[in-house]
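Across the two complexes that follow, subunit A remains constant while its partner is subunit B and subsequently subunit C.
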Partner chain A sequence: MIETASRIKQPEHPLDDLLRTDRIPHIWCPGCGIGTVFSSCLIAMKNSGLNLQKMAMVSGIGCSGRAAGYVAMDSFHTTHGRAIPFATGLKLGNPELNVVVFSGDGDLFAIGGNHFIHAARRNMDLTVICVNNLNYGMTGGQMAATTPHLAKTTTTPMGNPEAPFNLPLLAYAAGATYISRWTILHTRDLTRSIDTALKRKGFSFIEVLSPCPVNYGRRNKEKAFDSLKLYQDKGIIKNGANPSEIEMDFEKGITLGDFLDVDRPTCIEQYDKTCRLI
Partner chain B sequence: MEFWRVPLDAHEIEVTKGIVYIIEDRCKGCGYCIEFCPRQVLEFSPGFNVKGYHPPAAVKPKECVNCHYCEIICPEFAIYSVEAPFSDQPAGVLP
Partner chain C sequence: MKQAVLTGEHFLTGDVACAEGALAAGCLFFGGYPITPATEIAERMSERLPEIGGTFIQMEDEIAAMASILGASWAGKKTMTATSGPGFSLMMENIGLGIVTETPCVVVNVQRAGPSTGLPTQGAQADMMQARWGSHGHYEIIALAPASPQEIFYQTIEAFNLSEKYRIPVLIMSDEIVGHMSERVSIPAEKDIVTVSRTAPKGRKDRFKPFQPGPNGVAPMPAAGQGYNVHITGLTHDEKGYPVMTVEAQEEMMARITGKIRRNLDDIIRTESYRLEDAEIAVISYGVSSRTSLAAVDEARNLGIKAGLLRLITVWPFPEEQIRQLARRVKKMITVEINLGQICLEVQRCAGGRIPVTLVGHAGGTIISPERVVAELKEAVSS
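Presenting the complex of A and B:
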């Protein structure tokens, strides 16, 4: 009885207050993992207890770049590859803000690769969430800097001849102070990592593997469920693993976990210490 | 959920109950909630939503333990669970 009574008056979705519900359903394809990463991010933001009025989401171009348009808080959809520079500007202009960069691998590491390494070098106080779907999904599935060796895409029909980036190692070498990698299946760990990253200062980088069934999956005979099965079977959680030893090989294993959490003076602190001698 | 051994403190543990709500018209039929529900509460419904997808339906609504996994893995913000007002099942009775 109670069940039928409550079914008549359905309560709102718990994340509806953080979403621009007039734009939902979103544009992401059925089986795409960006929605899951986005929902994890919103849950982490909501449960972190931080002031959401002092939080901003910045995203670049691509499928995951649409996220900034769906969130009902201060958000910024920037030009291609320039999410991190815009976020840096936001943070420097208003150091009280908690800035989250939510973008894809093509945006952050191909056209925006240089910005990424320099923001990590300076230790800008940002949280960077990279949705890695292993190709350029929005433009039709071209090869990206993260496409695995021998994977088929529209621009590499015989298999990718190149080696992909090891993103956590790149972030580590560039000087990021918090690095973790999860898949969309490990949503609870992902939410916890985002929560940690939001509350800490310094450059935090979280890579999230996400299936792209329509562009990457179709050409590699991998349905959305096959990708998730791969994550489940091949995912090896090694917290604190050395970033140079972590792997992303869909046959040998994908190393997941929180790899690094160290403290280093942030860009703003260093600037104040060096240039604002009062 | 099946146990190969009933935990010793099973009679003391109170299992929370949840009610699953589905916003059918947001669903794109990816089936993640159905596949990864730890209690197999959900199944594809035979009907269509406005976009022509088969949304999930709670076939065993009493089994829901309010773990929120469907809510967090759903990419479409189309499913969520809330805690049931009170438990009508005595503590420790395992299905």
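Presenting the complex of A and C:
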């Protein structure tokens, strides 16, 4: 069966020129939202008019971390949690590069949390896209720093006793200069936000809520379409919302939107101004 | 812009000489984190790099420092970080990433006594096995051991040259004593300093494979932004850099990353012989302990003991052949190092039971006195 399927000539996809097509099929499960976020990211990159040769993608470890392996540009699949410091070195080593960090919530906010807050504090010129699927998908669905209170995972079989991060608030407190949150149902808004982030200076953070039906959904009575329905029913677009008031609440509502877009000198600008006494 | 090479006569600590060696080698990026007794390297780099067009950044921890120098290396820069024991432990995972992604960079470990926080301001040579095997998995590594500020200046240049030539992180295993001692350091004219840079790729960009070895077993290396669209991963990968989860791919990759070092041992390994021609007892030492050993050999010679010294400049890959040959010529070997027996185990392995190999070691915190080595030499001739 598989052999037969592979002989069928697949039609060209409009994003083929940005993909390592020789690495497709990808590893993502049916119903997973990462591909949708990835697709939005590629569309934004393609339509941005920016020089793609000067663009690079850096990922950490996990399902979302595999994105770097599929994009046909300089791409780096690094160690768990360390995409941001690797990307920081890449950007400082060649400030002409437009560096995008594409990774998951476990990678960026548990093991990599320290690097996230410091890159935001420095206003390091990076676009950080976090696919938030509320758990560790790659390892089979364990509790993450974003898992809702009382949600079931393989390491919280009685329900999560802990509280999750409010990621936009964390980014805001740490000094990020662009912050937005979308779901995979809001691809147009998401693509526009990524486009904005790619073209602006400084540390940009975009959180994207994304279903993980295989590992998170099935333990929390949430099928892939249920997650999308939840995003539709509970998603409230409120641009400019106060990050301290947008804790994710799947009962009352999930606030989405562009929350912040401010100018602050970047890490490189400040370094040049302060340290290079030419 | 100021000069990268401070040609002239100086009075420098080992740490500062190390920083100057890096700049002379062409280092343009340093990602660091403060730690005694390596902090002075970061301090010097923070002052010097921006004035020569480079970049210094103090990262949030040693994990980030190590990750940042790998990233900057892929941006095309020569990069370095410096640390001591606790930071070296934190860097281990990303040193492994540097090995498997064949990323040139230099990591300096100004060793202090451990384990754990240990004696932060006092020297040791007890991270030698960690340098060899500290990151998980099987691999080859290059590690050098400097004995003076003058030597660390040259060794840092050599470390960059080896890392660029073989696309591998190179470790400089300094110690608190060398790092903090001040001595005369002569910095030659820029034209007299030999520097090596990674080989740039040639040919069609779309057919380029970032892990396809060249004639010396090492692949050319492009920088991000040059249009090669490289994919770099810590997963087991093929010559294209693509992940391949098979036993065959693992074997092929391992053969590549270990073979490029194993096949070039003659080019990589450096040792120095002192009064070994007619020696009956060989002292094997490295780094600051080799200075102790040198004084002890001279003293023993004055006492009529036929002693000599083999100083290991390259500690990893281990100079196996040199030790084997020496073991056929001398009657005994004494290893001198500030730990309780690390390199001594390697010397014993290479001596292969042919002759006795003993240790003059120390738990750490101070140098080994020449008197202790002389006592061991006396013991060796009397027994």
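Going forward, the second predicted complex is superposed on the first by the 267 of 278 C-alpha atoms of A that agree within 3 Å, B and C clash if a C-alpha of one lies under 4 Å from a C-alpha of the other, contacts with A are read in each partner's own complex, and residues count from 1 in each chain.
Here is the rule we use: a residue touches a chain if its C-beta (ideal position, glycine included) is under 8 Å from a C-beta of that chain, and two chains touch if they have at least 3 such contacts.
Since the model is a prediction, treat every value here as computed from it, not as a measurement.
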{"item": "Partner chain(s) touched by A:Q142 [first = subunit B, second = subunit C, both, neither]", "value": "neither"}
{"item": "Touching partner for A:H26 - first (subunit B), second (subunit C), both, neither", "value": "first"}
{"item": "Touching partner for A:G69 - first (subunit B), second (subunit C), both, neither", "value": "second"}
{"item": "Subunit B versus subunit C as contact partner of A:R188, first or second or both or neither", "value": "first"}
{"item": "First, second, both or neither for A:T155, with subunit B first and subunit C second", "value": "neither"}
{"item": "Touching both subunit C and subunit B, counted on subunit A across the two superposed complexes", "value": "none"}
{"item": "Subunit A to subunit B touching residues, read off their complex", "value": "2-3, 6-7, 10-11, 13-16, 19, 24-26, 28-36, 38-40, 43, 184-185, 187-188, 191, 224-225, 228"}
{"item": "Interface residues, subunit C side, partner subunit A - complex", "value": "1, 28-29, 31, 46, 50-51, 55-57, 59-61, 63-65, 67-77, 79, 93-94, 97, 223-235, 242-243"}
{"item": "Interface residues, subunit B side, partner subunit A - complex", "value": "19, 21, 23, 25-26, 28-32, 35-36, 51, 53, 61, 69, 71-78, 80, 82, 84-85"}
{"item": "Contact set on subunit A toward subunit C in their complex", "value": "20, 22-23, 53-54, 56, 58, 68-69, 72-79, 81-82, 84-94, 96-97, 114-115, 118, 271, 275-278"}
